[in-house]
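Going by the order they are written in, the chains are A, B, C, D, E and F; count residues from 1 in each one.
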């Protein structure tokens, strides 16, 4: 890594993760580098002068930072830059906060940065999930669908990008690896559906599950932070996914199969008001939608529940805004009665 | 079997199933017994006099029947009776219709009847599903939940009634064995959820899945046809299920577990507008709701799709009223490309 | 024209349009050919035997037809065939009905048929509207958009198909030429919007208006009757239109313009629940949606109002099912007070 | 009363009610005890150090309190404790605020506290309403319903708890005595309904009115502040009410009457989306729902209107968030034109 | 009474009410006069020729009537005429039907008819309700409101028309006297509200209740059958009522009171989607809306319930289309346990 | 202009517009007069004492203002007053803020004020739009409608008030001249509709367009700021417009035309839930609604888009709260490719 605009070596500097700061002692002096999420110049409420209020982050979370004095001496940087700085750790209402030394702040050159250190990532094992994905591909018997899946996921660049892609900005699976995680989960639920409804075509259902969200690779970007691309905002991932797959069909791919794959990608959100281009019109498309719905909603609920339980308030009931209702955040179930 | 009001032997009579009638020759004379679903006296449109218009059925389906003449000579019977009759088979627009001999009609004594011959039943294997159910019970490690499930499903009378209960009147799983089928399916989908979300408590989730719809045993009746009971209409199956389970808790069952079981039964419909007494407020309750929703909606869709495909019209698009949209009823996917 | 299956000459036969039948005398014998919309074999209500009940049509409307006797002597034909027949005109409740001679019925060979004689068509002048369309294209100043529009509408085969395409099956503009009519109307309303909101980019707005519904050319078919295609049902016209336009962009077409054209096609329905793939996200896309909405809704209202007024009932208020309310179908406004 | 953790006598201390503080002089020194609703440690915005920000309350309302200095010398206490303290009254934007002396703060022992002094209570006369309730019970002619009501409300412990119970946390009747007040109001409106619709069964309607909300006794707690219980959040008051009544039916209570009482309790919210377990299915249940709806909605509206009028802003129109619209908060109607 | 177009005396003819026909003997010959609700010429389904199918009615109900033969000899008449005829009573599926003698049919002169004999009317006592109305007026203390109510209801022509007006075409109170009945009921419920919420202004509330629906006098007509007027369809009764009251204010009526009366008339439907011009914005207007809602909904429910119980089917559950759900139509509650 | 309460001359004072302040130098001393939109006394967060926080505005925008010291020396004034003051300009986060001198503040006498200087106004040319309006009136051929329009808009006082009236408080056209601007726009869109749907009655449509919103003249006031009047809040502009027009009809105006004009005013919002008194029931009323909808929605969208683009954030996507979704606020389309 090297700094922009000033000559400097930070080779010996150890990265300290944001999540570890809360375990360090109040008043610790440290040297660190973090992504700038928010930057505001604020005037003092009742005396002349300004200070700098920042939100900094890495892949483990965000932290407030303040620069009280001499802010005219701070070298220029913007939101979405990564900065190096010296600071003193200072707790406030039990939460850590960084007080920066103005002249120590320096912007890092973006090319020198390993961005994955600064963007939240799945806590699942990406390699393990990749293996699961390819096992699912191998389990597809239909020769055409097998060939299509290999053409898509066998492409190294595609797969590299697919593994990193988030599946959302603010909802479920909104982190690096989220698309892979969600895709494998949906396919596994589809496998369970096959056990209950064997009349469905497993090859079609699993293929649809693996392909349904590939458009998110172009709908979202994650560098320097997770956001929506221009074409993502203008077309949405179902239409983008259909465009992408149209370039991947092997020659001599049956027309009636092609059109079903398009349909499963375009319809997986179920209803127009929830983003489906068309509603599902055959069993496998509807089953895919239900599996997708289950995984997305459950992931969201469990994330909210986890956050509610982690709150220091320890309330029994927490209002969950995205759900529009109270959920239980009291004692977890006693697990000691397991008959092992 | 014996007839009401007349002395008669029909021991040698072979039951002919409704679904087999369409393969018999026009004009065949036959002797059969069927359940009366509808009975109307209609006047001829443009001449004096009345005829009898019936809908008759057994577990394989329904058929129209007509009695043109001498209807004053027909012995009395009502809807929901089972009648014995002689008739001539007569096709109309490709569909079979029975023309009854008025004086041959006789009501069967209800006690002598094997009612399961006359009410639609699951096409799955009830014994196999029962075995699956008990395997699921055995897989629950928590000693209290294990004891509760044994107290409920180990009761012979309960289990006999549970196996026969339908899970609906007009929607998904509306046949004998439907409750068992739906219950096992939901529990299997919950098992798949555990593979994806291992942080959930499997014992609680599987127990909730097995118990969530037991109230339907008191909400519905199936003899002489599937319908809603008085208490079913006044209280609904979630509240009835909670009442039922309250009598089954073993002594020393933990209070916090009890209240979670109640909650899973009361909340499994997800939202108040879809019949939930309260919305799901912890992860396992929400996961159960999603699994229940998936199974119910997919079963409904697949039934509608199957019916649409069976229609003689052979249209590519069929309007599905319960779904409020067109679904595809054209050619099924060619399955010959399997790479076996 | 020639008949299928029998050798026959009907060269001298004059086509009589359905709308003219109501002005002919009861009992007239006639020889005609019409499209079969519905065909049912019905049994007589209270005597043995069957008759044939048909709905026949040409581009001017539909009429009931009956074949009372000897229906086993009728040569085979199906719905969507065109048949030649002899019949007697017979009025019923003031409405004309055809009583067919069974042995006169013969199917026409589809290739020999001018299908536009049998499918409803716009009552506007297609040539005039085509001229209007090209004037609008010429008025676009932006060189890239001008080139794109010429590439699309300058293609003879495309234009031939575009001119014939309906814009719906049951709603507004559901007839041959409906797509052209709707397209030109929307573009004209967009021109009016420009007069009020000159800050919008006219070139973009007019181009979007002309291109927004081209996907309907593949969503609908009109031969032998207006219906939805397989790909139309599976993908919908916004996604199909985006696919179609992707093949038409001239090389060196600016990317930011391309993405806006895609967006206008994908978003013109306004909201997901009304079929938009994404909602409109810039002013010209939103203006296009509003113009499209205005034309579609007003056309539908005026068609319903016209039909209500034509009803023989002469009621002041008519319940309009597609609108979900009563509309006024009483006296039209006296127009004699014009100050000319 | 006595303090926790320190030996102290406050026998001579006079309780000063929050609502009276606004009439006292700025700068008054006082000694008081209040319930802690909120407690936050806040750091100063632009200097080192923390202060304590509290919300304190008693039954007459809430007030902000601040402890600026030496907060490390404050003895420990938590939200929902009652504390004794010395403070100086200090007005801010016309509103009173308490500045506490850090070392004066002491927690009171919960058992020594009369909690009703600290929780808002109905401004109606509880004894008068209790009398009204028993008159209504006496007016029920049906011997079974009479016996049931006596079994329920004749139980001293039940009645004591019923009289104190609130009917909500944030909506209508959210104070001690709210359940009693709402119950009597609903029953009175039901009596008015009887005058207009004498075909209804008054005994059933009045009994349903008196019993419909008893589940709220277990859904809500009011000590130390009004909130939802664990079982309340998991089951809701309609299901809890049905459980509670099931233990109270006299032996030989007619089954058809029992099931109607259950139904009225379970259905009184009218629609599933508003909390009904089942919708009302007979006239008395529907009438009860309408009376309940009227009382709840009107109480809420009048509370909001009263608060809007009390606002110092004196605006003519006030946006009422729970109603989603502006209401009139201008001049009240001149009442001087009464013709007395 | 006299007949149109033919000389005839029917002075001695006794009117037989439709509701009494079901108690007369099959085959009875009778001479009667009834209002023609529907008139259709139908062709026989499977033989040449037409017959006449009518629906006839008087204030007690409707009945089907048929004229089989010689319909060319029937003298001309239209829907909404009153006809005199000879007929034979003939039962069909237990329901009476009239078979008319073609040449006996004759139209009555509209002026000679007492129309109230042919339009359904309230079964309450109109004089009694009128007395109640004036008692309510007398109970209003405010001199201005008292004067306004006297100006409105003291006008003889107004009152005559008010007493006859229906309050709906197909919903609640859709009969002569319905407006009076509904008005008095709403005012009585408002009186009950005053007992519970004495802080409301009784004079304003009762006056609003009495005036809220006067626009229905111009929205509906009842001669020859209940329907919507032209101005009723174009403006609606809230706007018409506001117009009507604007002509009735005594001079020197306070402006702030006037505007409140307007508001109560314009807002009584509560929400725009249910017909309110504006939503209620002060307490008395909201209370009026709730009372109006209660009376309208309960009347509708009770009418549906009564009809469901009267159905010969004797089903326990009846699907009530206007309510969108099943209601209970089983056994009524045993009333023998009254403790009288 | 003169000040209230103090003798003073400010004749030589030049008004400085708020929008120009951002181009002035930090620290500039200035003397100005502005409308007070908000006035709050705030205490310092962590020291004793209060300061004054104001929002001041003129027709070009609003600005924050602070008075730190000696606020007890400030002469009294209220929100909605216009004050004269001396201040120093001080930038904060790039935004200008005024620091007032306490003793310089003085209230201006309302009568001496040109209020249009302080309320936002249309940026269109009012005279030009007035000319357009009268051209539209002249184009109406129907003698009765022509006379009506002249009676309305030919009234000088009416026209003066009409030209100044805003068309909303917070939505589209919420500024002086907004009603005129919206009215002319709607009429122009109606003219475009006539080109596409010539079967509509142009005279009726244009007249309806010109008259549809006249009730807003009484619904809104704009002095001292734009707000809702008492009668506006109680009756709404459709009902007020109908009242107003009822006084303007020339004698001998045809009844059927009158009722249509009423209807177009009452129905122009389309649906009850969007404020229509009745929904549109004939073609011209529906066309007017659609034109009105188009203009209102497009104006709102374009205002939001403009504001989003002006934000200093320069984000590509901006969440538009009134639209409930993200809109594009990135680069505008390159306009250099015009083929001029």
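The rule is short, and it goes like this: contacts are C-beta pairs under 8 Å (C-beta built on N, C-alpha and C of every residue); 3 or more make two chains touch, one makes a residue touch a chain.
Quick caveat, the model's predicted, so the values are computed rather than measured.
Counting only chains that touch, the fewest steps needed to get from chain B to chain E is 1.
Under the contact definition, chain A and chain B share the contacting chains C, D. Annotation: the chain A:chain C pair of sequence copies touches via predominantly the same residues, more than half of the used numbers being shared. More C-beta pairs in contact connect the chains of C-F than those of the other pair, out of C-E and C-F. Most remote chain with respect to chain A, judged by CA-atom centres, is E. Of all chains, the one whose CA centroid is most distant from that of chain F is B.
For this pair, chain D with chain F, the centres built from the Cα atoms lie 44 Å apart. Per-chain Cα centroids separate chain B from chain D by 47 Å. With centres taken as mean Cα positions, chain E sits 63 Å from chain A. The multi-chain contact residues of chain E, meaning those touching 2 or more other chains, are 45, 230, 233-234, 260, 281, 326, 328. In summary, the structure contains touching chain pairs A-B, A-C, A-D, A-F, B-C, B-D, B-E, C-E, C-F, D-E, D-F, E-F. Of all the residues in chain C, the ones that touch chain A in their complex are 230-231, 233-236, 238-239, 242-243, 246, 259-260, 262-263, 266, 271-278, 281.
Against chain B, the residues of chain E that register as touching in their complex are 44-45, 47, 51, 68, 92-93, 316-317, 326, 328, 330.
Per the touch definition, chain C reaches chain B in the complex via residues 40-43, 45-46, 50, 227-228, 230, 233-234. In the complex of the two chains, the chain C residues touching chain F come out as 141-144, 146, 185, 188-189, 191-193, 195-197, 199-201, 203-204, 254, 256-257, 260, 279, 281-283, 286-287, 290-291, 293-295, 297-299, 301-302, 305, 325-328, 331, 333-335, 337-340.
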